[in-house]
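Look for chain A in each of the two complexes below; its partner is chain B in the first and chain C in the second.
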Partner chain A sequence: MITALGPVAADLGANRVIRGVKIPHPCGDPTLEPAGDHALRIGLVRAALGALGEKIDKATLFRGAS
Partner chain B sequence: MSAKTLELGTFDVADVAFGDRTAFAGGKLTIARDEIATLASSDPAFAGVEVMLVRPHESVRIPQITDVIEPRAKSGGTGGVFPGLLSAVEPVGSGRTDRLRGVAVVTSGPVPWLGAKGLFVPHDSVLDMAGPGADLQPYANLHLVVLRFTFKDGVDHEGYERGLLLAGEKVARALALTARDAAPSSVEHRDLSRPAAALPRIVYAYQVQSQGVFMRSRLYGRVLDELQPTLVHPNELADGALTAGGLGGHGVKLHTWMHQNNAVVEHLVAAHGKRWDFAGIVLHRGHFYLYEDKQRVGLRIAESATLLGANGVVFTLGGAGNNVTEVMLAIQECERRGIKTVLITWEHAGPDGSDYPLPFAVPEAVAIVSTGNLDEPLALPKMDRVAGDQAIRVRPEIGGVPYPIDTAITLERRTFYAGAANPIGFGRSGSVES
Partner chain C sequence: MASLRVVHYVNQFFGRIGAEEAGDHPFTVRGGPIGPGIGLQKELGDAGQVVATFICGDNRAATDLEAFGAAVTAALREQRADVLVAGPAFNAGRYGLACGEACARAAALGIPAVTAMNAENPGVDLYRAKTYVLPTTPTALGMNETLGRLARFAIRLGRHEVIGAAAVEGYYGKGVHRTAILDRPAAERALDMLVARMAGQKFATELTLPAVEHVAPAAPLADVASARIALITTGGIVPKGNPDGLKQSNSTEWRAYPIAGLEQLEPGKYESIHSGYDASAANSNPNYVMPLDAVRELQHAHAFGDLDERYIVTTGVGTAVVEARRMGREIAAQLKERGVNGVILTAT
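Take a look at the complex of A and B:
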């Protein structure tokens, strides 16, 4: 799950939680130029796909957008 | 240093009627309809205004409410009511304030949507003065002076919001000024001087919603969209330093009347020096968009409570949704520091009340009082009269659909009912464990 409220998602039972941007726009940043926003979104999706390949034994927060 | 002391003079209003001149005598408030209409509609946002009177528990449905305001005016001390808006930015909360009890000013009307989407649509609402809806909000016992505005084209939402805010406050102050030469029903002295006996020291962490146009609160006229937790004296609330200004989230909305008469503040003040030592209010805002911002709010509340020497903190919510996170993080930090906490909250418990009631919680939150379920359907009978449009507008995402209200209605959720699950405990709703 990609979300700006990682600890909330983990608390509610999401296994792999990717840190998103902000509550109204977790998967992008409208303040960025289109190219920067695109790079950010690609990075988030890659982080999410990477997290799917990680072995975990409890709800885990992964770094996505910073 | 002398403590801030306020004499709050209450003038009970038993009757309200239209007449030749606006005056208060013998418990009767007379309103010159044209005079109040001229005062209310002077802002360029308005095409006109209709002034209507609604009696306590009358079978009336009031639609499209922006705000509810108790008439108050200063008759001594520095500053004026609604500082930063109607009055200069000067200290308020000391000297003398006069208030008319038993009457409130309601601003209403169909604010143009102007194609707005999402949160920032001036949503329509209803409020019933009789039937089951009357038990859910604090206004059914009052005489209401309803100002129903129509709006000029060519004004943006900022302009409509500001016009509505100031109009309600101007009329409220003008009505309170009529009591200047009358004898008050009671005068109460309010201060927070430290009691001689050792009593539990209590802080009130008061959350308000402020998220952009029509979802805002203001302190001394300043929009609180970026508010970091700040200390406020309860006497400042009595003088209207904190005001509402929104048209969203009606079910959980805090009107200016609720800030002026906040039930938590009233109880904390009433038993100050007897049952507890009320240390003051930490005003704060939820709905921050980053988790770290929510953590910062929680930390600042706990740090303020620590500096005030609190033994306990009472929390209430402003709005609904992710704003619970800030409050829960503050509760966690307070409890870790040995400061006891209690939360008063609505529930998002689903139509039958069986869902998990809060979007976020911490194990330290062990004392919670429910003010009722936001998601429970609400069946409202037909009222004899609608004080405004016979239909409200719903579904802004598809441009608006008229929803007739001149008949019996069932609201699937309580979002459109003003004050239906207000988070500071007004109204006769709540819930029990089963």
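Take a look at the complex of A and C:
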């Protein structure tokens, strides 16, 4: 799961959580230049894919792109 | 004060019809109290009169709650009941369902109702939002004490007295908070609770939070590079114009939309209908919420196997947990059928 409310999601039962950017735009940042925003989004999705391959035994907050 | 007309519901066993072999006994109305109703009448005293006992076999009631409920409704009207008491059902599951349904039907007619059962009875969770359910012991050992509580509760209900919070009155919470004016302000009550807590004393919260269900983490994908991935969002991203009329809040439904051949969610062709956040960023670039552009790029770079040809969307705002759980089950079943190995869910 990618969400700006990472700790809340992990507390409420989501197990693999990636900290997103902001509530209205979890997967990007409109204040960044297009290139930086794009790299940020790639990083978040890459982190999510990485989390899917990671063995965990409890709800875990993974680092996002930055 | 006039004596209340109390109607009592019991199953075939407590109604003295028979045991399991009488489980299909049809819905029957008898005059006056029967079985536990005799104890109930004692506890009611002059305040109420058990004018009729409704009896139905547990199998008959639980296998067709609709027909059972209709029979209860008709009989309650006929009896001009002031209040309905059902059970106690203790930990008997079918009986608990029948008691809950009977009370729910009474409530729908504007007739106050109360039942009692053990916390483990499935009737508690199914009907607690629709009626008052008092806790009981698992078995009928607690009958006398329970009948006393039921009688006192029924008298208050029949007299339309104000029923306070679940924690104070001792019924299973209905999940409803009522506004009430109290003598002491919230700050003082909160401090009292804090002091009690620090002193290790008992205190009753005024706001019971729903229990959080924790799920054991799924095993990791053995090989992400060959996995089939699906995208889900609770951010309300739908094709422009919301063709299926997906709800903007309190969602009870989800949709799947095709993304085969799409390299991104093109601005102007998709929009956010979610009523719980400022959608301007999402509308200017829907990939901020549903990052299809980045997902495609990583797919082309072989970071994972392939992408399911549809994305799934609902609006996660004010959604009841029970609805979320149902939608989750439905979505998971579909994804499994479609051979999906892993999901990226984005939430606003």
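Operating definition for what follows: the second predicted complex is superposed on the first by the 64 of 66 C-alpha atoms of A that agree within 3 Å, B and C clash if a C-alpha of one lies under 4 Å from a C-alpha of the other, contacts with A are read in each partner's own complex, and residues count from 1 in each chain.
Going forward, a residue touches a chain if its C-beta (ideal position, glycine included) is under 8 Å from a C-beta of that chain, and two chains touch if they have at least 3 such contacts.
Note that the structure is a prediction, hence the values are computed from the model and not measured.
Asker: Looking only at chain A, is it chain B or chain C that touches more of its residues?
Answerer: Of chain B and chain C, the partner in contact with more residues of chain A is C.
Asker: Is A:Pro24 touching the first partner chain B, the second partner chain C, both, or neither of them?
Answerer: Both partners.
Asker: Quick check on the superposed pair: does A:Pro7 touch chain B, chain C, both, or neither? Answer first, second, both or neither.
Answerer: first
Asker: Have a look at where A:Ala59 lands relative to chain B and chain C in the superposition and call it first, second, both or neither.
Answerer: So A:Ala59 only meets chain C here.
Asker: Tell me which partner A:Arg16 touches in the superposition: chain B (first), chain C (second), both or neither.
Answerer: In the superposed model, A:Arg16 contacts chain C only, not chain B.
Asker: Overlap the chain B and chain C contact sets on chain A and report the shared residues.
Answerer: Overlap of chain B and chain C footprints on chain A: residues 4-5, 11, 23-24.
Asker: Quick check on the complex: what are the chain A residues that touch chain C?
Answerer: Checking each residue of chain A against chain C gives 1-5, 9, 11-13, 15-16, 20, 23-28, 30, 38, 41-42, 44-46, 48-50, 52-60.
Asker: Can you check the complex and tell me which residues of chain B touch chain A?
Answerer: 287, 289-291, 294, 322, 325, 359-361
Asker: Please give the residue numbers of chain A that touch chain B in the complex, ascending.
Answerer: Within the complex, chain A touches chain B at residues 4-8, 11, 22-24.
Asker: Using the touch rule from the top, collect the residues of chain C that touch chain A in their complex.
Answerer: Interface residues on chain C, with respect to chain A: 212-215, 217-221, 223-224, 227, 229, 235, 277-282, 284-285, 287-291, 293-295, 297-298, 303-304, 342, 344-348.
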